[in-house]
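Here's the structure, in structure tokens; my notes come after.
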Amino acid sequence: MKKLVLTGAAGRLGSYLREPLSKMCDTLVSTDIADDIGTLYPGETYVKGDLASLDDMMKVCEGADMIVHFGAFVDEGPFEQLLGPNFIGAYNVWEAAHRHGARRVVYASSIHAVGMYPKNEFIGTDVPHRPDTFYGLAKCFAEDLGRMYWEKRGLESVHMRILSCAQVNNARALGSWLSYDDLIQLVTRCIETPVTGFSVIYGVSNNDRAPVDNASASFLGYRPQDNAEDFAAEVLAQTDPLDPQDSGHMCHGGPFAAVDLGQSGLANMTIVDDRKTT
Amino acid sequence: MKKLVLTGAAGRLGSYLREPLSKMCDTLVSTDIADDIGTLYPGETYVKGDLASLDDMMKVCEGADMIVHFGAFVDEGPFEQLLGPNFIGAYNVWEAAHRHGARRVVYASSIHAVGMYPKNEFIGTDVPHRPDTFYGLAKCFAEDLGRMYWEKRGLESVHMRILSCAQVNNARALGSWLSYDDLIQLVTRCIETPVTGFSVIYGVSNNDRAPVDNASASFLGYRPQDNAEDFAAEVLAQTDPLDPQDSGHMCHGGPFAAVDLGQSGLANMTIVDDRKTT
Amino acid sequence: MKKLVLTGAAGRLGSYLREPLSKMCDTLVSTDIADDIGTLYPGETYVKGDLASLDDMMKVCEGADMIVHFGAFVDEGPFEQLLGPNFIGAYNVWEAAHRHGARRVVYASSIHAVGMYPKNEFIGTDVPHRPDTFYGLAKCFAEDLGRMYWEKRGLESVHMRILSCAQVNNARALGSWLSYDDLIQLVTRCIETPVTGFSVIYGVSNNDRAPVDNASASFLGYRPQDNAEDFAAEVLAQTDPLDPQDSGHMCHGGPFAAVDLGQSGLANMTIVDDRKTT
Amino acid sequence: MKKLVLTGAAGRLGSYLREPLSKMCDTLVSTDIADDIGTLYPGETYVKGDLASLDDMMKVCEGADMIVHFGAFVDEGPFEQLLGPNFIGAYNVWEAAHRHGARRVVYASSIHAVGMYPKNEFIGTDVPHRPDTFYGLAKCFAEDLGRMYWEKRGLESVHMRILSCAQVNNARALGSWLSYDDLIQLVTRCIETPVTGFSVIYGVSNNDRAPVDNASASFLGYRPQDNAEDFAAEVLAQTDPLDPQDSGHMCHGGPFAAVDLGQSGLANMTIVDDRKTT
Amino acid sequence: MKKLVLTGAAGRLGSYLREPLSKMCDTLVSTDIADDIGTLYPGETYVKGDLASLDDMMKVCEGADMIVHFGAFVDEGPFEQLLGPNFIGAYNVWEAAHRHGARRVVYASSIHAVGMYPKNEFIGTDVPHRPDTFYGLAKCFAEDLGRMYWEKRGLESVHMRILSCAQVNNARALGSWLSYDDLIQLVTRCIETPVTGFSVIYGVSNNDRAPVDNASASFLGYRPQDNAEDFAAEVLAQTDPLDPQDSGHMCHGGPFAAVDLGQSGLANMTIVDDRKTT
Amino acid sequence: MKKLVLTGAAGRLGSYLREPLSKMCDTLVSTDIADDIGTLYPGETYVKGDLASLDDMMKVCEGADMIVHFGAFVDEGPFEQLLGPNFIGAYNVWEAAHRHGARRVVYASSIHAVGMYPKNEFIGTDVPHRPDTFYGLAKCFAEDLGRMYWEKRGLESVHMRILSCAQVNNARALGSWLSYDDLIQLVTRCIETPVTGFSVIYGVSNNDRAPVDNASASFLGYRPQDNAEDFAAEVLAQTDPLDPQDSGHMCHGGPFAAVDLGQSGLANMTIVDDRKTT
């Protein structure tokens, strides 16, 4: 692997991926809209760029083997706010990857693409979309886009539907947690698997209560090691009875399934950053 | 039914729908980006508007019971060209409908949302999306959007995946034809059915060779009357042997399945307008 | 066919079946809890009997080839009220049929065994039960019982899930109507088909808007002739907009899906008897 | 959790659950038809009651958060014998739970609700019922009842289809065994999971030869620890060749699948109590 | 269409197809193992050939556009007897077609490839094989062979699973009948459809009691016109009660499902030739 | 177990099975077309025989309880070459087993029976056949044959679709590897399971990247212990980028999916024998 591109490199998950990705290739091109992202890892370069600009994406993707696409507005918000980074941004990344002859896009999709399914329905990777927010709708858009680029242009993509990658501090997270270590394994497998075509896989740890079905993505070899059950006793002790009629508790999307469309601020409420300091 | 809105009223199909729709309601508000659409039918008013403008859509949707949404750039084209009318336009229509408390959107979706399925696979209305073009991708977007507005906001929508509504002048059309009369029946059923929730239905006539499965939309009561088999002898006699390895022949999307992404002009090549003069 | 038994012979549907059934066999034994059922047809005898009494059922089923089981409390009601006629009664009929070596039970099951499915889900005959009332729960019980008697004892049964067999006077009936003539065809096919094993079939006419899937019962040869669409214009003109959030409109069970459990009187509200006078 | 109710507390499995359940709540109300159940655990009270009496069930369920319903006639027997405890008893428990506003019923269902499926068919939790006995039919009834109370009244329930919870002393048990420890984990998960809606889960240990599919109940987090393979060498050495045409060997229900309906005494033949003395 | 080949031209069905096929092409090459087949139709030539000889098949397939393959030993029989004409013969036909660059094989497959499915299971064209005889096993072989030649070599094939093409003189035929006229329509559609890839379709008339599902082959446009129900009253009047435990009555394969493997003579017993004299 | 028969005893896998099989029965009859197979294990006898000769198979199967059938031409090759050992040989084995009243055939089937499925489709044991070679077609034939002998004659069979049982020296093998130890466990389970009917199971180790679904064969208790991931780092380091449009990389069958039909020598290219010396 000569060159990898990482979008969203200044974001919470993106910044965590910089180091491991830098070790997988000769050159890691990290990009984000921030002015800088601090000290670079060996082999890493940083290019400031706007996802909403095809020119910018053309620049960062030049010569890339694969693009690891984590850049986005990472919260629910008005459609107008997500249009640039999340919708147009996805198009720009795939289009730039295609024009430069890249092999694959590894994409941070989300459970919110299918967040309206009830939690007691064990959903596979090929159920029809049921987005819970504009945020989730952008994930649906990128998944369909990725499938089309594969079927029409031979550009591979793997869509990692991350459930929740943050501290386990509520009952839903006992099932939905994706640990940072498992995130890294997942991204690694999506990169190193020799052929993937168009694939979808859930990003979730080996939780006892994991509510989604990764069987059909088995060939990718993702075998998570962490288990949120370690936190179960403590979390459940602090959990009041939950209303089963509330889609925020009964649906895969959790709070996003219950929120009014377009209402930002949700991500901040539900996610606590507990990365180990690097 | 007091007030209906018709978008794309100046288009080929839209202009054909104006008269029947005007008879189903007290007021038909027709809209398009054209300056005018000629003589109005009784009860019809015309409002020039740009789909890409939420303000325009807010104006035309005021007080509407339902919106019949046919407006779009009706061809494959570069993503940038479709972004305004087809993607943002769909959002604007649903959002305006929601803000005004409309009950339902009846939407001209397309086979191109699932055009990459091979033709010898009999596809139902709930198969995962497989768009064949940016044009089809916009239809996927609107379908997912419509489902979300139903599940989160209670706004109903029926998504009519039209196969091909034009003269039967090629072998594919023997299966894919939707006659104008059947189009009108279809739109009528989608409007008059008392409750629909979120539904998808294929827009195709009662052709012997119809390649798609409308069973799951049976409750809508669409029972097409026309049959492209009337043209079969003539069309087949003029058809040279077709290459089964060509996705343009082997996939549901027909020529769109084979075309390069973003290449406009396709619609003109394959569609011949044979409306009866009104 | 030497001997048929008809339970519920004094009921609305049962009384309508007496004449055609009497013509299909040497002896028709009609039974109900009423003292008499008026003038008998040639070959018909009447035996008063209580479904809740195994002794009574043993008497009426003696020597029978098949039992056409329409007897029941035909309304939602408290569980205690349905226990005797609908639950225990079903057991008694199957048990008596088995002890006497009868070949088959033809049973008036109901859409209410699966009434909680949303109407825009096209349900087949093998979906898991989702009863909407105690009335529907009794139908589930009899279907499971019938399957068990077939698999353990070789007693055949056909379970006709009748949607609504009454005047078409509301929007739901445009899809759910079963005409009396089609009811007779249906019962006839269930009797005359040489082998049936355990089968389930929906009892619905050839309505444009029929919302259920009889494909898997195709071998029974039931091909309904009537179509509620004849009443559509009139019925829809009288139908106010319906609330899609109301399970009474959005679910297959109609009003039963919305009613409080155990609340009787519903059948009278929704069914108008429009039999032709015999 | 303030108050739990345990029915069938004097039974083999019920008596084993008393201690762990007493530790999960402030008050455990144990009930059975026996006069007493011996020494009570801290927090436990005993109330004699007949499942077939709604009054009795109303008394024991007063103020309960959840009811763990294990009470039943635990064997195949004539329908008349099971009618009171198993059918009416289930109704009484759900109805009492509903009237008192309880949140959930955790129910000891059984593989015998689907016992007629052949063993080489890997059955999930949503296959249609195929009861093998009246005993199994009562489980089908309670499952359908539980689904209805959830969909109509919002009362949650989890239906644990126990395969065989007893000593591993025959070939079938190598697949069907549920250890006591795993039973306790299963019941614990069904209680502590914050929201369950209506769910079905198989009660089986982590046996190499487990023949049923719990994937769709994954969100409950039941992860059994014991494995009947520990007994495989010994059991297989003592097993004569079995007739594959015998439904007692070829069906999931085992001996119940082969027994004549209504023939009691079967449970005693096949189950050896090997609880550790408490 | 320049050249068609018809194998089995001296057989019952083959001889019936000669005339209509001769009208669809410039040259019809009829072949069979008989010395001659009587008067030839305009454009028809006859070549004696043995299916079991690749050389013979190479000769008859030279220059062919399509091969209509009806040749076979048309009865159950010992494997050794069917090996040459039915197994090796199928290979020879496909191999010769491939070597000569033919476009498609239209094959007389049979319900007996899936004859062991119970009749109350409505089987589609993609269910796994369940052959009922060596005769059926040869059909399975040819279907798998045909799929492989399509996927590996681009040779199209349509596999017509004929149910029963003979006089309607028994209860099973009320569902399974394929009239001669519908046979001709079916073969015609399989030839004239521009692209087919690998497809399977059931050969059955538009019988009320047709027990199989052709939905997935809908794009071929086969719409049968005849209905065995015309014979129902007469046939059912002569039908004694049938044993539902007999796989000859309960399975799709009919008598073949019940016969001992390898026992020839069955076809003669069940089929009465009622072709109109030509 | 008194007597086992092992065909293909001189082959690579067969010779590895001789010792463990000899310990599972009183007498192991090993057979192959070779003159001898070296030193025999205690209880083992060797009988030279030709699979293509029913007489030979009748001799070796006399008195056998089960036949472990590994004999075949183990490579792709011209149909004519595989006809005797692979097609006729399978028939001879099943027929001889039946005539002698054996209980079960345990068969070395292959992934190549379904090798044309794309690798990112997680295939279960009941998907329709999609053979990739004549070699795979022979496996399809034997599977259908085995199903028929079970359904018509009560002869059980388990069909082990082996993926690749050889050294892990390429990227595909990271998913497809079956270790020798796991092969032995698999064969053992197929023999010792008391009843199997007709079953299919994939022969693959517990690889992280295993691409097939054995869930439906769960009752057989096969729980592989080895994991090709141990070789992943080394193998991937040596793997150049692979073309995702190449069916040899994208399909389950691997190189067989890409090879020309009938081209032998493939097995030698892709398989390295790494058996421990015995």
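Letters A, B, C, D, E and F mark the chains in the order given here, with residues in each chain numbered from 1 onward.
Criterion: a residue touches a chain if its C-beta (ideal position, glycine included) is under 8 Å from a C-beta of that chain, and two chains touch if they have at least 3 such contacts.
These numbers come from a predicted model, not from an experiment.
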{"item": "Joint neighbours of chain D and chain B, given as chain labels", "value": "A, C"}
{"item": "Contacts common to chain D and chain F (chain labels)", "value": "A"}
{"item": "Selected pair, greater C-beta contact count between C-D and A-F", "value": "C-D"}
{"item": "Equivalent interface to D-F, taken from A-D, C-D or E-F so that over half of the residue contact pairs match", "value": "A-D"}
{"item": "Chain centre separation in whole Å, for chain E relative to chain A (CA means)", "value": "52"}
{"item": "Whole-Å gap separating chain A and chain B, where each centre is the average of the chain's CA atoms", "value": "33"}
{"item": "Centre-of-Cα separation between chain C and chain B, whole angstrom", "value": "40"}
{"item": "Of all residues in chain F, the ones touching two or more other chains", "value": "215"}
{"item": "Chain contact graph, described as a line, ring, star, complete graph or other shape", "value": "other"}
{"item": "Every chain pair meeting the contact rule", "value": "A-B, A-D, A-F, B-C, B-E, C-D, C-E, D-F, E-F"}
{"item": "Chain E partner contacts - residues on chain B that touch it in the complex", "value": "118-122, 171, 174-175, 207-213, 215, 229, 232, 236, 239, 241-245, 249-250"}
{"item": "Complex interface listing, chain C residues touching chain D", "value": "79, 83, 87-88, 91, 95, 116, 126-133, 136-137, 140-141, 144-145, 147-149, 151-153, 260-261"}
{"item": "List of chain E residues in touch with chain B within their complex", "value": "103, 154, 156, 192-199, 215-223"}
